[in-house]
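First up is the structure itself, then whatever we jot down about it.
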Amino acid sequence: MVKRQKKHKSFFEKLRQRINIIIHGVNTPAGKIFDIMLLGVILLSVLLVLLETVENLDNQYHDILVLAEWVITIFFTIEYILRIISTRKPLKYLFSFYGIIDLISILPMYLSFFIPSTKILSVVRALRLLRLFRILNLGNFTGQASELKLAINASRTKITVFVYFIFIISILLGAVMYVVESKESGFTSIPTSIYWCIVTLTTVGYGDIAPITSLGKAIASFIMILGYGIIAVPTGIVTAQIANSKSRRKLFAPNCPNCKSQPLSDSAKYCHNCGTNLT
Amino acid sequence: MVKRQKKHKSFFEKLRQRINIIIHGVNTPAGKIFDIMLLGVILLSVLLVLLETVENLDNQYHDILVLAEWVITIFFTIEYILRIISTRKPLKYLFSFYGIIDLISILPMYLSFFIPSTKILSVVRALRLLRLFRILNLGNFTGQASELKLAINASRTKITVFVYFIFIISILLGAVMYVVESKESGFTSIPTSIYWCIVTLTTVGYGDIAPITSLGKAIASFIMILGYGIIAVPTGIVTAQIANSKSRRKLFAPNCPNCKSQPLSDSAKYCHNCGTNLT
Amino acid sequence: MVKRQKKHKSFFEKLRQRINIIIHGVNTPAGKIFDIMLLGVILLSVLLVLLETVENLDNQYHDILVLAEWVITIFFTIEYILRIISTRKPLKYLFSFYGIIDLISILPMYLSFFIPSTKILSVVRALRLLRLFRILNLGNFTGQASELKLAINASRTKITVFVYFIFIISILLGAVMYVVESKESGFTSIPTSIYWCIVTLTTVGYGDIAPITSLGKAIASFIMILGYGIIAVPTGIVTAQIANSKSRRKLFAPNCPNCKSQPLSDSAKYCHNCGTNLT
Amino acid sequence: MVKRQKKHKSFFEKLRQRINIIIHGVNTPAGKIFDIMLLGVILLSVLLVLLETVENLDNQYHDILVLAEWVITIFFTIEYILRIISTRKPLKYLFSFYGIIDLISILPMYLSFFIPSTKILSVVRALRLLRLFRILNLGNFTGQASELKLAINASRTKITVFVYFIFIISILLGAVMYVVESKESGFTSIPTSIYWCIVTLTTVGYGDIAPITSLGKAIASFIMILGYGIIAVPTGIVTAQIANSKSRRKLFAPNCPNCKSQPLSDSAKYCHNCGTNLT
């Protein structure tokens, strides 16, 4: 990141660069160790937020939990300030995805001075766990993630159309079940029936609401088999997309300069058709 | 839609055309704005029908809800009449898919004068939400939807065969569970057992009926693993279908200049249908 | 089926042939009508067996149900005898798949004279519903079914290996949950824990047994994500198999007699490579 | 395994070889019969461990169960010792996968003399059931298993990324539900909410915890549809992987006679690695 090396640098400039390398860098050993340690602290801080809501634990260790959370919040605050002053483009960091997450990870604790109930918002720290992908930047993890992302993006329109249909079907089937089933079995209103319909279509099936009448059970059976059948649709869409992106990946290699035939793999060294050396 | 322009038109004819463009058109800005507003009103009207069945809300706001519903119904009625008188082919609209839905969206409210319980049928208005696809007509939404539709249509026969098998299996396994399990665990009759079997095979699992005996649990485990295995079948069918239609669509090669048939592959040198040289 | 026409036939021989055509044939109108009517009677008879186990219905209409069942059983018996005497190869029919099903469809009713509890076995009549595929023989239903069958057969070994693994994993995880969870939450023995583990892995989730302790919930979460991940395996196997059999189907057309290149589709009339007429 | 035949062998050496062939061999009839019998005993021993935890059975047959378990443990111990002394490389066996499993299958019973509660650990014997794959070594079972293994291995990174995302989403959605839902509906702490979120996302749906409020139900519906959508992702990954490995396996073309690398397609005319003419 810091390519231009100046001959005469002030002490602060040197310090700034040193912090920059440790805090923003992932290629240097110091930067990597810092990032891994940071991830550990993030994990710990998320765990603290979660455990504070467990009544037994909170009753016993309330003071320790609060203290630990404040220590981590102050540590995150120092880290956040260092990130801003160490980079050459503080605005770019401030409005980046990670910059915004870093800010909203520390704000709730300070806000809780004035409005105690905002403390729970600290849970957004979980988003900082996404930093793992920055640490693994050099491996093939991000490649895999971006491949996933591409496949999901490409399938988005189809899945939106699909979900829209599901909603319309759920409204109609929910209304039918509301009419068929009595209020005793839990179908107290059409919105509740729609909720039940989604629970059934997605094969979750809590069982808090379940049909009692014969006709209701028959319709429910129909909805289940429908859900069973249509679960195939998003799966099919995404699978075809991934399989497709897989085969499209093979097309990155240029065609044979001699016979113009397409190579069968990116790693092919010789043309499969005329034997011309491709490298 | 209105291609032939007459030189001398009466005022009413002009008005009819103007309404036609707004109400039936989707390509003009006025038509698009009308359609989006209409979709908003439809959404609102569906919401009203749903909320009226929620007891607390209905008790508090009964009069407002009824009034709002009548306002919307009258608005829909006017729209329906305008649609009929503004088009040149009223019969075509009347018996089209959207025409029938538009009619049965307003009928239940008027019917509820005579038979109050028919009011709930207003929920069929949810089908009017399908108009969204008309608005998005020009985008790639409909292309995606029709691709989905094609894949589902092509898989229909296979999935029907599959569902028929599932039913026969469910009857047999349901009878087995009825014999094995006592009535205390909910298996009160074979139809109920079949219902349970479908609940289990589709991995919904409400838990309102669940085996108690060891043998029943063992058979249930077998049914679950069976269901787990056969869920793969419809998924496999649809996926293969989508992947297939995808690879068929991937063709960028132009159609045959002679017989206009689509080439089977981008690399085809001769038309598969008439033998014309494509290069 | 009866190809050789004798000039002089006895009355009985003629009758035998006539019955044969009606009862065994599917290509003649008379045979088709008989088969469709038979399917209706089978459906009715299965329905009767199911309804007899519903207490309310059985109390009210016991006599009618029993009478109807006897009428159908006698009808099936006559049909069975006619099938035997009308065919030239009675033994072949007797030991065929449908022959055995036809026999065990009528036996339970007669057996119920001596052992009343065997009546429930009449439910095997549901297997006679498979006759539908004989009726649809001429359409493309059976082709679809046999394609399904092929794909399932080819995947069988892989799915067996997979299920065997699932069982070993379930035993180990079941034992872990038995140790972790108290008996109050339903984990009363390792077999019960294994049952719960299968219920969870297959994402059925009845909820009759559910972890209470924190550690139990954590392990359960792990098992669920595991199940979520491995549901992909049988689906992947079957999908790949179906997609594979789909692309293999394209290979039935012979190669081009001129340039020996493989046609891109069975329906191609001209070689895509050299333009030779393939028909 | 024993290829070099010595002319003069002591009696013990001959016995050692004989035992080696029976116990370690799978190609000889004696070895195969021994392995099948051993698998039966392993199955029996696993069954015994399971049944001992069923209270009713243990109360009635406690002595028989304990006796049977000791008999089997001693049999396994003798087998273990014979395996060590009969092989030429005892250390290789001792530290092999099966060697370690064989040891930890017998240890818990002896340990239970000192610490009774360790007896339950005998359940690890279930891992010995994996020996089935050794017996079926010669068939195509292992090929299928290794193909499965390859596909799962190749998908591992993608699935890890996916599960990591699921965890972060579950933490955030769990916190949201904890805030929205009251403690009465079971959302007593954020960890419990996360547990519920995983139960819902994976479509297991026990129903021990279920939303009561309208907002909670709406968010739950969203989570279900999300889970329904993202179940497609691991399925898609594994399917694409299996389909991919399948098409790579379909190659019947022989390897390159020069560099021994496998051709990328049956139709390749030149080796992609060294350019040798393959035809």
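Going in written order, the chains are labelled A, B, C and D, and every chain counts its residues from 1.
Everything that follows uses one rule, which is that contacts are C-beta pairs under 8 Å (C-beta built on N, C-alpha and C of every residue); 3 or more make two chains touch, one makes a residue touch a chain.
Since the model is a prediction, treat every value here as computed from it, not as a measurement.
In terms of residue-numbered contacts, C-D and A-D present the same interface, as over half of their contact pairs agree; the other options in B-D, A-C or A-D do not. Taking B-D and B-C together, the pair of chains sharing more C-beta contacts is B-C. Under half of the residue numbers found at the chain A and chain B interface occur in both copies, marking it as a different-residue contact.
Centroid to centroid, with C-alpha atoms defining each point, chain B and chain C lie 29 Å apart.
Taking each chain's centre as the mean of its C-alpha atoms, chain B lies 43 Å from chain D. With centres taken as mean Cα positions, chain B sits 31 Å from chain A.
Shown for chain C are the residues that touch two or more other chains, namely 191, 194, 203-207, 231, 235-237, 239, 243. On the side of chain C, the complex with chain B involves touching residues 46, 49-51, 53-55, 120, 123-124, 126-127, 129-130, 132, 140-141, 144-145, 147-148, 151-152, 155, 159, 163, 166, 191-192, 194-195, 198-199, 201-208, 231, 234-239, 241-243, 246, 263-265, 267-277.
Remark: chain A residues 203-207, 235, 239 touch chain C in the complex.
Against chain A, the residues of chain D that register as touching in their complex are 157-158, 161-162, 164, 167-168, 171-172, 175, 178-179, 188-191, 194, 200, 203-207, 210, 214, 217-218, 220-221, 224-225, 227-229, 231-233, 235-237, 239-240, 243-244, 263-265, 267-277.
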